[in-house]
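Next up, some structures in structure tokens.
Two complexes follow with chain A in common, the first pairing it with chain B and the second with chain C.
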Partner chain A sequence: MRRVVFSLATFIALAVVSFVGVDALPGDGCTALLGRFGTNAKIDACRQENNLNDSVVVRIKDWSGDLVRGDLGYSIKRDEQVSKIIIPRLRNTAVMAAVAALIAFPSAIVVGLLLGRYPRKRISKAINQFSVIAMTLPEFVIATVLWLVLSIWIPIFPGVSVMPSNASLLQLLPNVWLPALTLAVVIFAHSMRTMRASVTNVQNMPFVESARLRGTNERKMISRHIVPAALPPVVNVVALDGAWLLTGTFVTEAAFNFQGLGRLAIDAISDRDTALILPIILFGLAVYLVSSILADSLVRVFDPRLRSSNR
Partner chain B sequence: MITTLTQSQILGFSNVTVRIKNEARDSRPILEAIGLQLGHGETLGIVGGSGSGKSTLLRLAAGVLTPGLVLDQGEVTTVGKNLLVATPAERSNIYGSVVALVAQSIGESLTPHLTVLSHFRDTVSGEAVDERVLESLAEVGLGGEKYLHRYPHQLSGGERQRVLLALALVRSPQLLLLDEPTSALDVSIGSEVLTTIDRLQRSRGFALVCVSHDLGVVSQISKRIAVMNQGRIVELGQTSQVLRSPSHEYTKALVSSIPKLDQRIRESSSQSNERVLVCRGLQIVRGQTTRAIDSLDLEIKQGEVVGIIGESGSGKSSLLSAICGLVSVTGGSLHDGDGYDLSTALQMRPREVLSSIQMVFQNPDDSLNPMRTVAQSLSRYTHATNSEISSALLTVGLGEQFLTRRPREMSGGEKQRAAIARALLAEPRLLLLDEVTSALDVTVQAAVMKTLADLQRKLNIAMIIVSHDIALVASFVDRILVLRNGQLVEQGSVDDVIKSPRDSYTQNLINISARRAAI
Partner chain C sequence: MGRIRKVVVIFLALVTVSGALASCGRTSTVAGVLRVGNDAGFGGAETMDPYDGNRTWPTINMVFDRLIGVDKDFSPIPELALSWSSNDDLTEWTLELREGVKFHDGSEFDADDVVYSINRMIDPEFDSPILAVLGVISSVTAVSKYEVSLSLSTGEADFPLLLADYRALMTPVDSQSTIGKNPIGTGPFKMETFDPAGTTVLLANEDYFFGQPKLSKIEIITFADSQSAAQALAGDQVDLLLAIDGKSSAMFGDEAKFTLQNIPSGDWNAIDFRVDQEPFSDARVRKALRIAADRQVIADTVLGVGGGVVACDTPVWSADPYRWDGDCAKDTEGAKALLAEAGYPNGIDIDIYTSDVEVHMVELVTAYKDQVKDAGIRVTIKMADASGFWDDVWMKESAFVDSWGQRPATQVLNEVYRSTASWNPTGQVDKDLDKMLDEARSTKDQAERAKKYAQIQERLFENSAIFLPYHKTLTRAMSSKVKGVEPIVIDAVRWEKISVS
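What follows is the complex of A and B.
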């Protein structure tokens, strides 16, 4: 509970910092809208109309009041409600993230467990080496390779998504696969290696040998002793990677022209559309805070020592 | 003496030699030409110092060869089988039902995320599991249902050891292997656990092999004793006979090095009236509310040696930590002989005060930097020259060749001596010794205590020595303090406390110690 309150306070503080930071950048919605045709008089009139001449404190108050009421603001540049722009793209990114997570995390945990159990097998070493490569390659390289293989040589998936941002789920799905696979490769390597290291570590603990010497069979050894003890570090990595899937997919979305939150963020930044940038930043913040709270509570499920220390 | 009836044999070692993998043939093996026989229902104690190979031998009896070692020659037969070549499935059938091993690290031998009952469910199934579990917990002295749903961290050390025993015995194995069953426990609790093991062995009649560095422990629960030194069994015989008339040099040293309550290894030296430490109504609170020390009054004079006895949680380590500034004082006063207030933070203490109080810690492996040579470790902060260091080393019985050695090239006793030399270089007026010999073998322990006694006589410094071993303390100090739950329950001269203890806890410690000395 204390944790939630603390996170909320962190969120508010960072929100204010973000607002002031974005505000301090040169340019605002009006200069963005009018571009190089904006004379001083026109810009000033525009600012007057949109209350941009008020002091920072007043604007923060107005903005946060709107936020609490569920109003994300208004993009002067795009002449549209911010929520109308963001929500469909958020859905697209969420679907892509979900597909990537469903592909990567379960397989990473299983493969990590097997690699940890049989570290000497040649196949284990090969997979391990491969995962180092997958982790170090930039996303655009993985994206290009996947595109080459799965779209050009074996044309299964469309190489570039040509769909409106508010396409229906059925239209969206074929376009999700390639970017989701790209992301899956990156997070698979990451969480698989964590699981492998954790299993290796747990297997050498005295309680594992102790259980074996009591006659615990192999199946129970894994399901009751090794896996629950090995999962906590993996949960934390999964939480971080999960948050990254929702907020850090700029490169992959750009590579496949996928109409998601990452693309939108890049566009908003290059347009200096401050009204649009801020909610995206706040969303990222919220995702990281929520995911770390979730991870911590999940770790408590696995470790009774953490449960009792807080009582 | 050696059982010849192989049909009734449950464990047999014939000419077993174990080496470190890839090491030259002429190097000293870990186990050398071990021959042992154990019949059904027999008990054997294996005693030896660290590195003697006793744990390797015990694990080998369970068919476990420590990674990095190879069986060079010989054969180990456990219940008629060579477990080393058994498949994992065959082993898991044998473990727990025929052979059970309770490992040394009782703190880590229970799975932290499972309750006591869940541990049993690994191997006990069928009907009425709960009743069977309750029954076997009651047998080891953990009666009542309250233990079933506890997690390991909610158990004390003694309770964990009892749970591990119950887990090992729940399917009635014919052979129980115990590795240092009491080394992690307080003396009084360890003694109770041994009594339980002895009772179970007698009533159930399983064969028992118990490994320990402590002659007192193995002799309490085994009819025969094997003494190990440097990978060999140097003596094997009936317990009473080995203790009464040891034949091998190492055994003799082992027997004579057991501290006895009525034996002094240090004569009281002259004490002046000058005080080096005064504390009044001292209170130390650790964590949120735990009172580690509660309203303690203590005065220590120049040249006086004070022993503090207490079990874990009694506050004895907290007191030492507070005196040397590692823990903050929360109430009362703590001053040194010049009236300097020691309740100030360590960082605030002037250099003279810092050097006047020195502490030697329990484990030299943790207190010496493994990357530095002894000369480097000892000159840091003391800024001592090489000749000063070598003379300090000489006073603790280490030659000049140790100047350039690193901790990994030294034995436990040598490391602890180096740590003591480091404390001496600061020219302290008060030396704090926290269980300084408990990580050492008994034979080494006696030699280190002798060195400390010589030092005290020569330099006439005041010492506070903290230990769980009342006989060791009684043989060394002028005055004994007994702490329990942060409070002083008894204090007085050695004679007063040992001959006429007023507190029941002190009495109990003396009884246990007397029993050990009488073996």
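What follows is the complex of A and C.
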């Protein structure tokens, strides 16, 4: 409980810092709308109309008041409610993240387990090498390779997405695959290596030795002893990677022209569309705070020692 | 264990189903439908109002028509106006309109629409970007249903070319409040769905006065960046990209599948020096800064070989009938001598601001710095943040990069170089130049006028504070199934003549 209150306080403090930070940047919604040839008179009139001349304190008050009432604000440049812009993009990114997670996490855990259990097999070594490469390659390289192979050489998936942000789920799904695969390669390598290291570590522990001496068979050994003990560190990595899937997709979305939150964030920042930048920052903050709380609670489920010490 | 197996089975089923969906989702060329890839431009603020600063291009040119168009050689040709004439002062112009032209909603186009449209363009309250082009118009009146007369505040021999601006489009009376999202034009295509951040759909206007379009539909698909747009063309998801990055052209080397067109354009980059700030107030320093560089090397470095046409500080582009081509070869000794004369015998240190606000702007300063060092000009490159560049750096710092789009000679010279121009980026006041500009635009004889414009450009090379090394050559890329796109600037392309087989 204390954890939640602390997170909430962090959230509020960071929200205020973000507002002031974004506000301090040169340019605002009006210069964004009117662009290079906007005259001073026009910009002033626009600022007046949108209350941009009020002091920072007044604007933070107005903004947070609206936020509490569920009003995310209004984008001057895009002439639209921020919620109307963000929600379809959020859905698209969430679908993409879910597909990436479904591909990457289960396979990472299984492969990591096998690699940790049978490290000497040639195939294990090969997969290990591949994961090192996958981790070091920038996303846009992975994206380009996947595009070349799965869209041009073997034309399975559409190369870049050519759909409106509010396309139906059926229209969306085909476009999700290449970006999701790109993200999956990155997080697969990451979480698989954590799992492998954790399994290697657990295998050398005395309780595994004693289980073996009791004559436990291989299947039971894995499911009862090794996996539960090896999972806690992996859960933390999965939580972090999961949060990254929702908030760190800028490059991948741009590479595939995917209409998600990451691409919107890039556009909003380059447009100085402050009304749009802030909710995206806040969403990212919330995702990280929630996922770290979630990870800690999950670790407790797996690790009886933490449960008892909490009493 | 049983539950895990179930999850795996469901997951695999999901993969198979959406894999199948994905294959269906792969679009490819359909005869009669043209898919144009377009860059985001104004990031969601786009409007179909052609007079608004956030007008979405080239869509407006598919839906609306101008009074006067331009031919391949950039001479004026009839569009909605059939003919035009002026008095001897070039201050009063009369236009005869095409009869029987219908807007997309069935109403008839006539002189009232022209009066309404031009009044919106020159409304100081609305302050349209096209006011900078057509600000010479002081009034417009309907003489009869098919005749309008325009009064200009100054004689302008090339007024028909100004009317051929891509934004000088004709809109129906009282359309101001609706035109942004529901445009009604006379053009070859009618708006079906307007979605500037996604896919905009246009359908053929079968009653188009230049003949029924060969296409049945145009889809304009928005891309966040040029790389993903190029990928879409390579993957047969779009058919036409109006401009690709020169470096992407290698992707489209397969002549059986793609057609590339290199089109000299009037777009230019420049380095501007503020004449109200030291040391650029000295004309000798300015000239030294401009003659110390090899322009061809700069163009080749920045744009790629063949990517640009060298300009001797003239904003008038290579296909413009008034273009002047001087000799502006690199002159290191001349530059050194001028600097010494101006009091800088040991060379000079200058700061130039740049930013990646537009492509080529950083490369330009880098190439320039390398070129001028032989003459003792030591450049420090100052990187400015892209988002604040136009507000905080452009026209404010002492030296900075610049970028302009194509304009006819009279327009670009009066809009950027005239002392009183609001966007005169260097603050240079040259009353003689202003007088020469007035004389040139009010000379009725074409050959005589061309001579005067040549003299103006020569003067710019002597005196200007703008180092303008090149005009860009655009690379247009399309599927080889697309026919009828002539290798000329987009303002002269006839959309109704394009077909997709």
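Definition applied: the second predicted complex is superposed on the first by the 311 of 311 C-alpha atoms of A that agree within 3 Å, B and C clash if a C-alpha of one lies under 4 Å from a C-alpha of the other, contacts with A are read in each partner's own complex, and residues count from 1 in each chain.
In this section, contacts are C-beta pairs under 8 Å (C-beta built on N, C-alpha and C of every residue); 3 or more make two chains touch, one makes a residue touch a chain.
What you see is a predicted model; the values in this text were computed from it and never measured.
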| item | value |
| --- | --- |
| Chain C versus chain B on the shared chain A, clash or fit after superposition | fit |
| Chain B versus chain C as contact partner of A:209, first or second or both or neither | first |
| Centroid geometry (CA): angle chain B/chain A/chain C, rounded to a multiple of 10 degrees | 150 |
| Chain A residues touched by each partner, larger count belonging to chain B or chain C | C |
| Which of chain B and chain C A:70 touches, first, second, both or neither | neither |
| First (chain B), second (chain C), both or neither touched by A:218 | first |
| Lowest inter-chain C-alpha distance for chain C and chain B in the superposed arrangement, angstrom | 17 |
| Touching residues on chain B, where the partner in the complex is chain A | 62, 64, 88-89, 91-97, 100-101, 103, 105, 108-114, 118-119, 122-123, 151, 153-154, 164, 167-168, 171 |
| Touch list for chain A against partner chain B, complex | 205-218, 220, 224-225, 228-229, 302-305, 308 |
| Chain A-facing residues of chain C, complex | 1, 8, 11, 14, 18-19, 21-27, 35, 40, 42-45, 53-54, 127, 129, 195, 197-199, 221, 223-225, 227-229, 231-232, 234-235, 237-238, 385-388, 390-392, 394, 422-423 |
| Residues on chain A engaged by chain C in the complex (per definition of touch) | 25-27, 31, 33-39, 42, 75, 77-80, 85, 102, 106, 147, 151-152, 155-160, 162-167, 170-171, 173-177, 223, 254-257, 259, 263, 266-267, 269-273 |
